[in-house]
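Mind having a look at this structure? Questions to follow.
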Amino acid sequence: MEIVNITKSYDSSFVKQVEKESGQNMSHCYQCGNCTAGCPYTFVYDQPVNQIMRLVQAGQKETVLKSKSLWLCATCESCTTRCPNNIDVAHIMDVLRHMARREGYAPVPTVKSFWDSFLSSVEKHGRVFEIGLLASYIAKTGRFWTDVDLGPKVLPKGKMHFKPPQIQGKEEVQKIFNRFKEESRK
Amino acid sequence: MKIGVFVCHCGTNIEGTVDTAAVAAASREFPGVVFATDTMYACSEPGQDGIIEAIKEHKLDGVVVASCTPRMHEPTFRRTLERAGLNRYLFEMANIREHVSWIGKDREANTNKSADLVRMAAAKLLKNRPLFSKQFPVNKSVMVVGGGVAGIQAALDCANGGLKVVLVEKDTTIGGKMAKLDKTFPTVDCSSCVLGPLMVDVAQHPNINLHAYSEIEEVNGYVGNFEIKVKKKASYVDWDACTGCGLCVEKCPSRKATDFFNEKLATTKAINIPFPQAIPKKAKIDPDFCMKIQKDKCGVCAKVCPSEAIDFTQKDEFITENVGAVVAATGFDLFDWTVYGQYGGGKYPDVITSLQYERMLSASGPSEGHIKRPSDGKEPKNVVFIQCVGSRDKSVGRPYCSGFCCMYTAKQTILTKDHIPDSQSHVFYMDIRSPGKLYDEFTRRAMEEYGANYIRGRVSMIYPKGDNLVVRGADTLMGAQVEIDADLVVLAVGAEASVGATDLAKKLRISYDAYGFFMEGHPKLKPVETNTAGVYLAGACQGPKDIPASVAQGSAAASKVLGLFSQDMLASDPQVSVVDIKRCIGCGKCIQTCPFGAIKEIDFRGMKKADVIETICQGCGICTSTCPQGAVQLQHFTDNQILAEVNAICRF
Amino acid sequence: MQNLEDLKEQVRKALPELDVVIGWTGGYDPLHATPHFIRRDEDIDKLQVNALCVHNLATYLPSMRGKKVGIIVKGCDSRSVVELLQEKLIDREDVTIFGFGCTGVVDQTKIRRIVGDVGNIDSCEVSGSEVKVSASGTEHKLAMSDVLSEKCATCRYPNAVLSDHFAGAEITSTATFEDGYKDVVEFEEKPEEEKFGFWLKEMDRCIRCYACRNACPMCVCRDHCVAQSRDPHWLSQEAHVRDKWMFQVIHAYHLAGRCTECGECQRACPVDIPILLFKKKMNKEIKEVFDYEAGINPDATPPLMTFKAEEDKITERKW
Amino acid sequence: MPILEGKELRIVGFLCNWCSYGGADTAGVGRFKQPTDLRVIKVPCSGRIDPLFIVKTLLAGADGVLVSGCHPRDCHYTEGNFYARRRLEMLKRFLPIMGIDAKRFEYTWVSASEGQRWQEVVTKFTEQIHELGAAPKIVGAEAEETLKLMEAAL
Amino acid sequence: MSDSLNYAYYPGCSGTGTSIEYDMSTRAICAKLGITLNEIPDWSCCGSTPAHTVDHTLSSALSARNLALVEKMNLSTAITPCPSCLTNLKTATHRMGKDEFRDDVNKLLDTPYNGGVDTKSVLQIIVEDMGLDALKSKVVKPLKGLKVAAYYGCIMNRPPEVMNFDDPEHPMAMDNILTALGATVLPFPLKVECCGASFGIPRKDIVMSLSGKLLDAAQDIGATALVTACPLCQMNLDLRQDQINSANGAKHNIPVFYYTQLIGLALGLDEKELGIDKLCVSPRKVINDIGAEDAS
């Protein structure tokens, strides 16, 4: 393990940015670990939530933003609901994800690809087109679909449509995405 | 008037953000000021000597000290003036620490504000007049409210000091929380062996009059002469006749009454004596469970009582006690942990409180000292202790540390190992707080000798799995989520202000904090005093405290009472209202609004006039702001004095 | 006035038991009435009761404490008597109250404005709807509605609220509480600076004569008024607008919950400063918050002399 | 001392000794930063505060007046703040007819333990007064002169 | 019973596809219970989890478009069966309470949304607006003998400040409904534990583990069926039950109902109408056993 030189690596602007975007005060965290204790995803995290919180407090920007944990959080709200200091931890995780995206980190590419495919589906059709989403995801990840066994279960029951949904307002939804992209470029 | 102004540096406390020399220089221009200087520590011996010298040298007859809050050192400096031969009321303080230097760093603004405050103080001082106290007699008896260990200690110390003591306890027995404990830390000696003899002393002391199962109804009067109405709650047993033989308890057929003494771990009889060593050892009927009272059936207790003490028609009784001082020692209650849904919210029988665990450990408890799971009576092997339940938790409105939970949890792990040698204790903690004599060593022993497994982290949830409970927590040191299959979970529930504490505070006219704990006179210098003369505090009613601290406070409060009563006469505060008889038109508005009945109507040469009874007047000044012609003036806070302050800073 | 003879008769019967009965009689000219102290039977004949009888005679009562006094009161005056009784500044057993139904009194200022600054008043006739004044040979016919005192136009208590004798029939009033406070509401709606400026200008005209105070039946401090004392020293002796204004606020505040709006203060003001507005404002708020009016019930407690632990209408603000 | 031009306004506080003055002390002990405009006059009880003191203060040139006492039911003298509440409420409602913005005067309750609340109250009130700006001043009098005369007279 | 059970209805994308039986059964029971559902015309996707992981303004804008449509319908309350949609709609409303954020969101929209629409789950309005007594009175086929565990999922009630419904740790709404229907409701200890959510596709292992625990817990307490209120939970537990079995070496065969389907059965509605046939793990035996004399 490397030695963390706090004087050199402490990034105060990072801490401030997280606080600003999340509306949370990082110093309220006293590291009791309740978030980690309740988090159903701790078993797949590389850094448990409380350590993510600690790393943010310590201004360790890079370590935080490259963490896989950010991409494996499902926003189930256990941490937020049980935090003794009323910190909205799930909100902080979301904000860190936004920052990681902006800085180009994607340590769990499958998750990012899935989310991206989902949103492109919404952007394109106004609603999710599930088969289209799967096709796009498989194309992005280049992975063989691990759920082939599910096809026979779903398809005969009419639970997936082969045609994308048609809604009149889909241009309106596209505009939301377009404006968002414009705004983020500003 | 020749005024001297002394501007204190308070080390760097004030000087750090206030230019005290500039304040002194500005002060020299204020009306009446003939001398002004800055001084390092005005309250220190050289500081006070400096004031005395200046008074003599410059023939000062009024002094302004600009320093800390008058709530801190006003009495100190008033004594300084007296030593210099001046009347103590020819003194004013400008609070330039709490109200200036500590709340902002803008040196220019602070210096300017400090000068303003000195100007106001000097302007008021110009209107000050010498005031002289009256003497009034003291009733040298004391009421102690609450019969826990702090109240017992206070009562015994006062009684041994020769005072008459009235001890009021709301339960049927004294002993408080300590009587429920099995053993005490860090000595692991038996709680009742320590407390029992003290309780007996209370019962036998000729100077102590004990009212158990009683509460304070109403408080009137003032230091030296309180008149307190006490409600003796109906016990349905004539306690003068009851011998505590227990025959009624034995024969009572109603077995489902709530056992408060055993923290509801078991049930008890409708007529009961909480525990064998109870003081007084008297029976009480719980009317909710008594078949005679509920359905007019049974009445067995009355039939078997050898002293015919049972009285089903008994009513609450009110008595009045006259005392000169009051010690509030009302202790604490446990936080209601059932707000934690993630710990089952009370649904899982094998999740219990630390105090319930004490009753389980106690040989006089419902399981006679055997640790048994409430669900199935089995002996647990894996016991999980969770600390900080209702402490240091903002989300449930309890951000403070309860102080003693770390220690009793360590004790309970030790006792668990003693009772069940093949058991394993696990303790979830955030920090271990053990700053007492032999305390930290004690927690180390729990780990090193008794093998308690300390896990640094909170518990997020408890859920049942089969016969057991899964405790899911974090080990933040390991950086992992951990799960323990527990047989029993003990919650180290935090302390909160006792039920009814704020009601009592209102009756006693003392302050309390946001959590209902009583406010001490000063956090450091007046730990057992309150801001109401003659009312003192002991024990956990002021904030969570362990036994040694509670006992120390009991003794401290007693020493304050004994000190107060060391004189036969008390000096009244001369800051009372005075009627200018010429200006009074006898309209009686002041009489109507005085909360204390301190103003009476007199006949003055055939005319109605108001007159203030000095020893009753408490100095609130409601009369002064009521009287249209300003005929009644509160001394030291007269209209002219307040107007002088206004005029000093509002200069058009 | 048709009730006058009944009233005289009532006074005549009661007089032997009384030291004095206070009423009104003709003043220095036919346009003015003046207070009249009836001690003997022959004084009764000079008694005058009409729209010129503006004085609130209750003002005299506190200083006559200890004597048996009869007093003739308009509805508004009777409220002052009630208020004095409530504050135990006079004793009920010593006071005999003669009431009658009042149809309102004139505002001399209004008359003067219409008639102008005339020399000698030759005569004045008052009927229910008209005031006929002849001055320096010219006759002016004034409609009563044009010269009626403001307070009378919105009077809700035309009959004495408390009396031992009552002459004639009672008069019915249709005015509401709100009617009486339209001027306050209207004034209040102005911008703060305008109101502040208005008072600065008005108060600057005050000559500190204290006629307002001396006319006030509730100003019982008299010689001990804080306006002229050094201890307490609320006001300087300087003729500065600040002190003058402060005095008027003191007056209003000392009357909070006590003022019956008889209007004597404003009537007495030689420079016509509308000082009644302050008192009316206070009364309006007192009514709104405490549902209380002064001078109605001799057994009531004025709202600022008491309290409720939970106030009905004072809500704790965000503060 | 003059008011710091452009920086401070004249704000006067009337605080009861037992609760609010203690609360202000608690805020100081806790080093809770506050604006510097406020000058505190200590009185034993909010019941001692004659509303006329506030009028006097405002007419004498203050830009804002803050009164704070014990919470209702917690009065050290049992009833003082109950009287104060009625009298101060009347004052708050009365001020507009004088042409004084009612927001220049607030009354509130702060206990001795509520240091943080005191900080919030002072900060909020000071901000409120700064939003209103300086109060109109009654000019014309030879202020300093008069005051000197008065002081000399006593 | 109130006569104003009239709502804007937001089915959510999955309601048209993978959870079509949830939508079908919701519509069927509402019709039967006198609850009027007015489908929001031309509604669009709320953005679900992926949107808020990218940006909160974008996420709220996707929700706000739909809320603005509701505003046009002159209805005060919008309801949805899906907790994920609900969370997004509610969070958008919650965050748009702040002026600055609201302005940012409205910048992305054609029609700005200014608040005023209340959002609730179908579950909440059945419990709160209609009431259990009213529901109970309409039961014709009590679910006697059916031993179920109610599983709420992680976001139906959390965080409490936003969702503002039921207990965040021990929700009881479904338990109470099922009890009213005559079923035996077992105390399920993991009511609000996460099932693995949308990680089924990118990280199947997560779902295998988390949903596996839920199935284990249901089996431990002796439940013969699980009841859910969330399309994603239902899909993970039902559609992926075989995958879970093979990943964990388990042999679960626990049908996973939507609570609306069970209400429908108790109201005597046709199985077809409730989409019972769309469930993957066959509920046949469990349904057949309902009301059987000695159901053991």
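Going by the order they are written in, the chains are A, B, C, D and E; count residues from 1 in each one.
In this text, a residue touches a chain if its C-beta (ideal position, glycine included) is under 8 Å from a C-beta of that chain, and two chains touch if they have at least 3 such contacts.
Worth saying up front: this structure is predicted, and the values here are computed from it rather than measured.
**Q** Which is the least count of steps on a path of touching chains running from subunit B to subunit C?
**A** When the steps are counted carefully, the minimum from subunit B to subunit C is 1.
**Q** Just to be sure I understand the contacts, which chains border both subunit B and subunit A?
**A** For subunit A paired with subunit B, the chains in contact with each are E, in label order.
**Q** Taking each chain's centre as the mean of its CA atoms, which one is most distant from subunit A?
**A** C
**Q** Count the C-beta pairs in contact for B-E and for B-D, then report the pair with the higher count.
**A** When B-D is set beside B-E, the one with more contacts is B-D.
**Q** What chain is the most remote from subunit E, judged by the mean position of CA atoms in each chain?
**A** C
**Q** Once you find the CA centre of subunit A and the CA centre of subunit D, what distance in Å lies between them?
**A** 52
**Q** CA centre of subunit C versus CA centre of subunit E: separation in Å?
**A** 74
**Q** Mind checking the centre-to-centre distance between subunit A and subunit E? Centres are C-alpha means, answer in whole Å.
**A** One centre to the other, that is 23 Å.
**Q** Taking each chain's centre as the mean position of its Cα atoms, how many Å separate subunit D from subunit E?
**A** Chain centres of subunit D and subunit E, defined by C-alpha means, are spaced 56 Å apart.
**Q** Quick check: what residues of subunit D touch more than one other chain, meaning two or more?
**A** 56, 60, 73, 79, 83, 87, 138, 141, 150, 154
**Q** For subunit E, which residues are shared contacts with two or more other chains?
**A** 168-169
**Q** For subunit B, write out the residues touching at least two other chains, lowest number first.
**A** 342, 461, 593, 626, 639, 643, 652
**Q** Just spell out which pairs of chains touch, all of them.
**A** A-B, A-E, B-C, B-D, B-E, C-D
**Q** Over in the complex, which subunit C residues touch subunit B? Could you list them?
**A** 87-89, 220-222, 224-226, 229, 231-234, 242, 254, 301, 305-306
**Q** Considering only the defined contacts, which subunit B positions touch subunit C in the complex?
**A** Checking each residue of subunit B against subunit C gives 580, 582-583, 585, 587-589, 592-593, 626, 628-631, 633, 638-640, 643, 652.
**Q** Help me check something: in the complex, which residues belonging to subunit B touch subunit E?
**A** My answer: residues 340-342, 345, 347, 461, 463-466.
**Q** Would you mind writing out the residues of subunit D in touch with subunit B in their complex?
**A** Touch list, subunit D to subunit B: 1, 4, 7-8, 10, 12, 17-19, 21-22, 24-25, 27-29, 31-36, 39-45, 47-50, 53, 56-57, 60-62, 70, 73-80, 83, 87, 111-114, 119, 137-139, 141, 143-144, 147-148, 150-151, 154.
**Q** Write out the stretch or stretches of subunit E touching subunit A in their complex.
**A** Those in contact with subunit A are residues 13-14, 16-20, 42-45, 47-58, 61-62, 65, 104, 107-110, 154-155, 158-160, 168-169, 192-194, 196-206, 209-210, 239-240, 242-243, 277-278, 280.
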